[in-house]
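Beneath this line is the structure, given in structure tokens, with notes to follow.
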Amino acid sequence: MSAALASSRTNGSEVVKELAFFAVIALLMSVMLLGVETVDRPTGLELAVRWDLVLIAIGSTVIGRLGLIFRRESISRLWQAVLITVTAVAVFEMFVRFRELDDRWVSPVVLDMAFGSVVSTILAIAFVVIVFATAYFTMKVQGAVEVDQSKKLSAKIQLTYRSNTKKIGLIGIVFFFIFPLLFGDDRSAIDLATLVMIYIMLGWGLNIVVGLAGLLDLGYVAFYAVGAYSYALLSQNFDLSFWLCLPLAGIFAASFGIILGFPVLRLRGDYLAIVTLGFGEIIRVVLINWYDFTGGPDGISSIERPSFFGLADFSRRVPEGAVSFGDLFGLDYSSMHRLIFLYYLILVLALVTNFVTLRLRKLPIGRAWEALREDEIACRSLGINPTNTKLSAFAIGAMFGGFAGAFFATRQGFISPESFTFLESAVILAIVVLGGMGSQIGVVLAAIVMIGFPEMFRELAEYRMLIFGAGIVAIMLWRPRGLLSFRDPTILLNMSQKEKVAGEIK
Amino acid sequence: MDWAYFLQQLINGLTLGAIYGLIAIGYTMVYGIIGMINFAHGEIYMIGAFHSLITFLICQAAGISGILPLTLLLMLFVSMVLTSIYGWGVERVAYRPLRGSFRLAALISAIGMSIFLQNFVQISQGARVKPMQPLVEGGITLMESANFDVQLSYMQIVIIVLTFVLMVVFSLLIAKTSLGRAQRACEQDRTMAGLLGVNVDRTISTTFVMGAALASVAGMMVTLYYGVIDFYIGFLAGVKAFTAAVLGGIGSLPGAMLGGLLIGLIEAFWSGYLTIEYKDVATFGILVLVLIFRPWGLLGKPEVEKV
Amino acid sequence: MTDNKLLEVEHLTMRFGGLVAIDNLSFNANKREITAIIGPNGAGKTTVFNCLTGFYVPTEGRLTLHAEDGPRLLERTEGFRIPRNNGVARTFQNIRLFTGMTVLENLIVAQHNRLMEASAFSIAGLFNLGSYAKAEKEAVEKAKFWLEKVGLYEQADWNAGNLPYGSQRRLEIARAMCTDPSLLCLDEPAAGLNPRESAELNILLQSIRDDQGVGCLLIEHDMSVVMQISDHVVVLDYGKKIADGDPEAVKNDPAVIRAYLGEEEDDELPPEVAADLHLDPKAH
């Protein structure tokens, strides 16, 4: 084994050539977009130069590449870890530099090109030389080949996770239910949890379409928008209560799903994706331009907040004839009551989505969805109507999107087309994909990672979408089917779940 | 009917269409060879626009912007080269490892790449709209009528002529060279082409490079034509160019150009005669209609389903 | 003979652009019989299947299935409705299982339409009403029956994709049978099987014919299978029928021998074949 590896190993000078190649590529890619900044001046656009960023870009590319080479050549893990760390630090350094941009303004350009900051350039070059030299000698010495323990470990984790999904799910539910008891007075914690929960619900809704039925929908946000606007408009124009509008919003969104889905669901995967993207954008453009109906870009404001199931009101000043929530339960007024109520409301809505999905999966319709994802032609040969089956997935997914939209409208009290851009669809899709298509727990994990963490690390907010995009690519490369992409059978004849999983891992 | 107005819309539409067509070729070539929608292609075009803008600013700082042809050539050359590398890099990083994985993985990776590139440029170059003074000014007055004159600007001539030249060059490249032959072989059957000694990886990389080079030309022309760019222009242009590629018949080079021209004309006439607000809806509507009724496009061939 | 007819193919023609894949083909398949369609590669055999099972709409011709409750015109029926309403099931040349789902799930998906009704389009199923639970139990029973029949009971919980090749073939047949067909179309079921598996397949198909009373239409290259189990053989070449009869007669038919082995010196068809092809009175 190790002999075979050793013989396939590239020698030092080849590695240096490879690194040099990538250094040149990094130079060419970064020389303008990173190296030069266009700055608005009263006189027009001018340039600022930041060669150090280019150097960092080259450095991190080279080091990162070296890490990959070490990986390819099975060089000690310690080295890999060191290199990955160095790359990460370098990239982080680059981010930090970005934030100081406005102060760094050098002109004229050509002068700076020639002299620049000599010291940093020399340092950077020295750094690169050291990396190259290390690469050369490590290849010569041929570091020890380590036995890969990680596979065994991941198998063990997988077994534990998959044979206990129910328990894990239950613990999760209990945690989310007692969350307000733990952080009850922390307004931002509850707000964040509510936001995460909205995305969990959206993720679960989209999971029906993408994860189970295998239909890539890039316009899911359209149904979210339909739900939000139907509640806002129904409540403003007809004075209907939230509790009546909630099911209506779901029905409207589902009908939209059917209307949009019917003509396009015959299309192949990626065509379907683009068409749904188109529909999402059409709905947004209509929302922006149909001023009389939707309020255009200004959106709709002062949308009615939900009452306590029509029994009591959460406002400080209760309207004539209504009961306040505090009075109903003999509590003092607190603005947290409404927030906690909203949190529980979305928690329950999300859980309903989850349980309906889990149940549907074990029904003929759910099995047909999965079968359709696996092989549409075989489905047709078994007499399954592909269009109706897809349509049902589309409509049910849309319905949950609509519920979430109505909730969003009532929570924010204000909606505008801004909230329903393509990026939103991409975020929801990323949650589903990151979690592992079809995995309910995966969606929760992904929503916490993608929505929760960025909100917590506000300082990095401007890099959020950058990291987000890179993260999607990285996860696709690492696990093309998502983090927790294990499919549990819907019915077992003569094995337990644990046996089944154990058998698969072997 | 005001013929002057009509003629003006026609000219504007053709110019716009030439730009869409150039971007659409990238979609069509990539789709032809690896069967995936290169979702990040719109961002490549945007990056091309930025490269040409920055090249211009460097020329300006170096004091050679007065020599117009030299500046234009430099912009074209630098932008094509640097943007091509982005096309190459995107394929290398985000798509190649996923070749042979399940279909949607590559598409999702492409979406991630698109978001990444967009935000990369937003952060490195700022979110604000970048203005640029017009370089190629003036034009020919084709027709004078009571309410206005029909203008064919020199910039429009440059765009249409350049597009035409590039189209001819690339068509010849694909029809006559061994590279083109390798590309067509990979389109038919990648495994077999590989067995017969075609370097499949390199062929696919070249396809991305060519697509990116053309997109960068489109980016440069937009920069010069409209005089404003920002990090977000790639998304909409990308979707429209993709529509053009589908309309013309995805996989077909002349189809992409034809589709681009049609989309450009539709957009120009829609804005000219109907509501300008809904011009994007018109494009998306066409995309949906084409995919429903004629998914193989105008010049493509229908696929027979293999059972 | 006429009472026993299960499938009647009359003047079936299928063109793809300029290519004529099937040219004016007529033949019958009977109930409780195995009808084999043989012919060299590219003769149009699979295209016949695709027309029968609704993947292609024939350019011309009539396809009649004589079901229990009267004749059905297959060429008028839209794709998936053929297996659903008319009881035509099929397998595929390159196996098409739901590879990520378990063996048992494959068989339950095949009973989709009945279960869908029982679950009242998921409403009853959502609340786990008794009627649905019962239907699902029946579906599992039927799946078990076929699992035992094809010898896959032990592997019921495996993912279908993990089964060895021969088992996948058998599973596909079992899956088709779970739709309760009256006509089973098998596209090269013996391809890639070893002699022992092939012999087992023969027994399975004979049992489907004799015990289940299902008529089979069989595309096969393996002559040992064709000759042993089929009751009736139709030979195609270049989309045309060149022979039709019992296995023994077809085996000795000069046109068939020529189609398979080629005959260089004589390009003219023997008169009886020419008659069969061009002078068929029904054709004009």
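Every chain is named by a letter (A, B and C) in the order it is written, and numbering of its residues begins at 1.
Keep in mind that, in the parts below, a contact is a pair of C-beta atoms (placed from the backbone, for glycine too) under 8 Å apart; a residue touches a chain by one contact, two chains touch by 3 or more.
Remember, it's a predicted structure, so these values are computed and weren't measured experimentally.
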| item | value |
| --- | --- |
| Relative to subunit A, chain with the most remote C-alpha centre | C |
| Top chain pair, ranked by how many C-beta pairs fall in contact | A-B |
| Geometric centre distance via CA averages, subunit C-subunit A, whole Å | 46 |
| Geometric centre distance via CA averages, subunit B-subunit A, whole Å | 28 |
| For subunit B paired with subunit C, centre-to-centre distance based on mean C-alpha positions, whole Å | 49 |
| Subunit A residues counted as touching two or more neighbouring chains | 377 |
| Subunit C, residues touching no fewer than two other chains | 55, 92 |
| Where subunit B touches two or more other chains, by residue | 305, 307 |
| Touching residues (chain side subunit C, partner subunit A) in the complex | 53-55, 79-85, 89-90, 92, 96-102, 104-105, 108-113, 115-116, 119, 121-122, 125-126, 128, 132, 140, 144, 153-154, 156-159, 175-176, 179 |
| Of subunit A, residues touching subunit B in the complex | 25, 28-29, 31-34, 36-40, 44-47, 53, 98, 107-110, 214, 216, 218, 263-264, 266-267, 269-271, 273-275, 277-279, 281-282, 285-286, 288-289, 377, 422-423, 426, 429-430, 433, 462-463, 465-466, 468-473, 476-477, 480-481 |
| Interface residues, subunit A side, partner subunit C - complex | 356, 359-360, 363-365, 367-368, 370-371, 374-375, 377-386, 392, 487, 489-495, 500, 503-504 |
| Interfacial residue positions of subunit B with respect to subunit A in the complex | 36-37, 47, 50-51, 53-55, 57-58, 61-62, 78, 81-82, 85-86, 88-89, 93-94, 97-98, 101-109, 111-121, 123-126, 128, 130-133, 235, 239, 242, 246, 275, 277-278, 280-281, 284-285, 287-288, 291-292, 295, 305, 307 |
